[in-house]
Amino acid sequence: MPMKKFINDPKNLTKELLEGFAIAHSDIVTVKSDKIVCRAQPKPASKVALVTLGGAGHEPALSGFVGEGGLDYSVVGDIFAAPGPPKVIEALRMAKRDAGILFVVLNHAGDVMCANMAAEMADKEGIKYKMLVTHEDIAPGADAPAEDKRGLVGCIPLYKIAGAAAEAGKSLDEVFAIASRFNDNMATLAVAMRTATHPASGQNIFELADDEMEIGMGQHGEAGTGPSKILSADQTAEMMLSRLVLAIKAKKGDRLLLVINGSGATTLMEMYIMLGGCKKYLDTLGITIAAAHCGEWLTVQEMAGFQMFAARMDDELLNYFKAPCSTPALTVK
Amino acid sequence: MAETINYSQICAMLQSAVGQIRANHEMLSRLDAATGDGDHGTTILRTMEAVAKAVTENNGTDLKELLGKVAWDVMDSDGGSTGPLLGSLFMGMSDAVAGKTELDCASVVAMFEGGINKLAKQSRAKVGDKTMMDAFLPALDAMKAAVPSGSIRTALQQAAEAAAKGAEATKQFRAKFGRARNLGDRVIGHADPGSVSVSLLFKGFSEGV
Amino acid sequence: MPMKKFINDPKNLTKELLEGFAIAHSDIVTVKSDKIVCRAQPKPASKVALVTLGGAGHEPALSGFVGEGGLDYSVVGDIFAAPGPPKVIEALRMAKRDAGILFVVLNHAGDVMCANMAAEMADKEGIKYKMLVTHEDIAPGADAPAEDKRGLVGCIPLYKIAGAAAEAGKSLDEVFAIASRFNDNMATLAVAMRTATHPASGQNIFELADDEMEIGMGQHGEAGTGPSKILSADQTAEMMLSRLVLAIKAKKGDRLLLVINGSGATTLMEMYIMLGGCKKYLDTLGITIAAAHCGEWLTVQEMAGFQMFAARMDDELLNYFKAPCSTPALTVK
Amino acid sequence: MAETINYSQICAMLQSAVGQIRANHEMLSRLDAATGDGDHGTTILRTMEAVAKAVTENNGTDLKELLGKVAWDVMDSDGGSTGPLLGSLFMGMSDAVAGKTELDCASVVAMFEGGINKLAKQSRAKVGDKTMMDAFLPALDAMKAAVPSGSIRTALQQAAEAAAKGAEATKQFRAKFGRARNLGDRVIGHADPGSVSVSLLFKGFSEGV
């Protein structure tokens, strides 16, 4: 039985998607050495560079955020699989500069191991970098050890904020400090409604009954906190957002960045309805939405569901989040 | 009699392990679907195909160089967690065979010991953490115990049996590493795919010599 | 059995989605009289206004393209149902100006009937407008009568181009002429791979076997040219694009705008792979891609599939397509 | 005896038609799923709920005003194709009852004739085009033929039967209008949902007086 996907040889998914990506966005990005997405117009070497890595299959993430005001280098692995250390060190060499590199890694076993091995090599070669690991998934509990918390969509606004700080000419220590402050004040909780087909194996990445959804589902089909009955949008909003608000210790008067990140098959219509539900709940707490986004930043193939992201913002973080950028997936004037 | 193996026999040993993964990768992805993200069969197949390619392409006779190339190509194959883990295994094996051309039973075991020690540094997992180490560590103990026999085949057979037992045992464990780590009791009853792969690798090694 | 959607009362879908839409994009749009999406900063009355209408459920279309360089007023109907003539005439009254109004209507029975009734009233009231009906679906055959051809995603780049011409201060006759030239040189063909749930009725909008796709599927589940076996991405690209190329009479040396418009559950990964396949095919014909877009502009809930759009471009059309705009769904610097 | 109906009886007649749609809208959406976009039940229900609301809210006695308000609210109810079509029906009916307070059989028929003529202008469809007109036009002929009987109920019953026959007949036709127009032979065997709705409306009218 063929997959219900528009693909050619499942072995060439990443290669072919990067070819199309380069055609669509040739004005912004180029692909070097097969799997390293870089800016078409490199950032001046006087400014801090942003490098990240991660498996494909999450389009537009991660490489859709390479460009002015965003990432400088995105090392692409195969579907849901981190790229190997050799490519990662290659990208770090390309980015090497006296200003230094902010090296952003999402907390997933493979990604972290690859990053660590590449970092070892970078140390030997005297490449100046600081590694920042995102781990904002509160599914295992808001105060679970950092190693247990996956890196989810939070990396995207973090790229945006760190990217803007780098464009502004901040030093590596400053960019790292700003990004870390955002990293420490953000949280994500995911919910899945329908499974997706792994485009290489052709298998469902998980199973879910017709009347069930699952909170805490990972972005590769890793199980969450177990299935539950389907709730209304407003109930789902309150149930998820109340946990996020606790996790980031948001209180009356605080200003949030709120993101409803669709996983694939959940419609923008639903995301807007969810955002409305979130607003209603936050109003009862006297917490304001300083910035909001509904859309698909980091997807899980055609999985139905979304990741709800919230971060406590201050003026500096908000200014960098709203600063101009020109990337394939996000343009801000 | 102290039997030994040379470069080409080690190539055959590696290719035989590749064969085991080619035959079983779909089952391995199904296992990963239960406790992880359903791609372990894909990633281990990709890494082992990289092994096969490196072995065929490397027209030399130097064992260290062969295993070093294998390690690098494995790491370069987008193997998720599997790539860096097996990459460091082969890197450690490569270091351990420096200068050797013929390996007797003791040096074969020393080669694996070097690899597994290097892997263990990346892994940080112990027996009972529901990872590849649940197969690697018992396998290492078993082959060490078999060194006196002097028979490489026996040592690898013992290792394969121990690895298989270790993989089977992971069914009882909760996961402390990898994507399964947050699932608590829900992974109990499911074998860890990585440990099953490792047992298949040793099955291949033992049949390949 | 609850729907696998994050919604509240299915009767309030449009109301609630517009509330969330307004929260997410308060800097760009406001919603007046329940269902009329207008710019937060109105365009000067000296410039031609763009008004359109259409049912909801296609987010981000149509209202996601209201803003500078895009639409001025989008009248929103309920899910897949045109808004009634009373709201449409209300919007035409809001837009009323000496410079005149370009009134863009997608060719669907309900939309056209509503538009005609509103236009009758506008005539009585002396509102200056020109109506332009898009009908670029070539599923019924490239040379089927215009009434038989549905208006699909082509309206979006048309809004963009007409909007840019209006911002440039062109007269109504000029804007109409430019938009019509684009309208006459564009074609769309859709393909569906998996059905979607109608969010109000909870029913599947069509059925398709596990090993089948359907070419020519309408954007509300209206059947296409019948099911066929699933093809590879490259085969699908050649099969669909060859028909589009014929329809718009593109030949060696021509420059195309190419859009792969995802319907919902088809991943951006697949759209990029499709774009790669299109490029390969066009290379064999010596036709160039002057501009390309992969993404979700006009969706069909969570239907898997996409609309492939092609238009023959000239310098003027390209300049207007690439001109700056600031809308919720599309920002160009 | 020449029987007549007044304002409140016409309200009852309309409400009875609303009841028919409330009872059958799911079936109507299923019909539309086969030949259209699966929402006809939703749209016709929405339009008829607008009728019900307008009728209850309109605290007056003027028939033309009542039907005019009904028409406007129907059009304002996002009825896809159905809204403008039924909207113009009621608008035409409204014009036809100008100045009247009591309608005898002939004026009831004249009221529907005015409505259907106005609707026909929007529609442009003929019998055999697989649209609402396949029910409206035979219904009109049937009630005209029944005028001599002087019985409004008879006239509406005849209309309902003719509309039902007309709707049934749409199964044989290809569609020349609406979303089904491009489907050629594939719609043969499926009744047109709009025509079925119209037959239900007349069933309701006839039972409501």
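Going by the order they are written in, the chains are A, B, C and D; count residues from 1 in each one.
Following the convention adopted for this analysis, a residue touches a chain if its C-beta (ideal position, glycine included) is under 8 Å from a C-beta of that chain, and two chains touch if they have at least 3 such contacts.
Here the structure is a predicted model, which means the values were calculated and not measured.
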{"item": "Set of chains adjacent to chain A and to chain B", "value": "none"}
{"item": "Steps in the shortest chain-to-chain touch route ending at chain D and beginning at chain A", "value": "2"}
{"item": "Chain A and chain C: spacing of chain centres that average the CA atoms, whole Å", "value": "29"}
{"item": "Rounded Å distance, chain C centre to chain D centre (Cα mean)", "value": "32"}
{"item": "Approximate Å spacing (C-alpha centroids) for the pair chain B, chain D", "value": "75"}
{"item": "Interchain centroid distance [CA atoms averaged], chain B/chain C, Å", "value": "54"}
{"item": "Chain-level touch network, classified as line, ring, star, complete or other", "value": "line"}
{"item": "Chain-to-chain touches, reported pairwise for every pair that qualifies", "value": "A-B, A-C, C-D"}
{"item": "Of all residues in chain B, those that touch chain A in their complex", "value": "26, 29-30, 33, 36-39, 41-43, 46, 72, 74-85, 87-88, 122, 177-183, 186"}
{"item": "Chain A residues touching chain B - in the complex, by the definition given at the top", "value": "14, 55, 77-87, 108-110, 113-114, 116-117, 139-140, 144, 147-148, 150, 198, 200-201, 203-206, 216, 218, 220-223, 226"}
{"item": "Chain A - residues contacting chain C, complex", "value": "1-8, 13, 16-21, 23-24, 56-57, 59-60, 64, 193-194, 199, 210-211, 213, 229-230, 232-234, 236, 264-277, 279, 289, 292-294, 296, 299, 301-302, 304, 306, 324, 326, 331-333"}
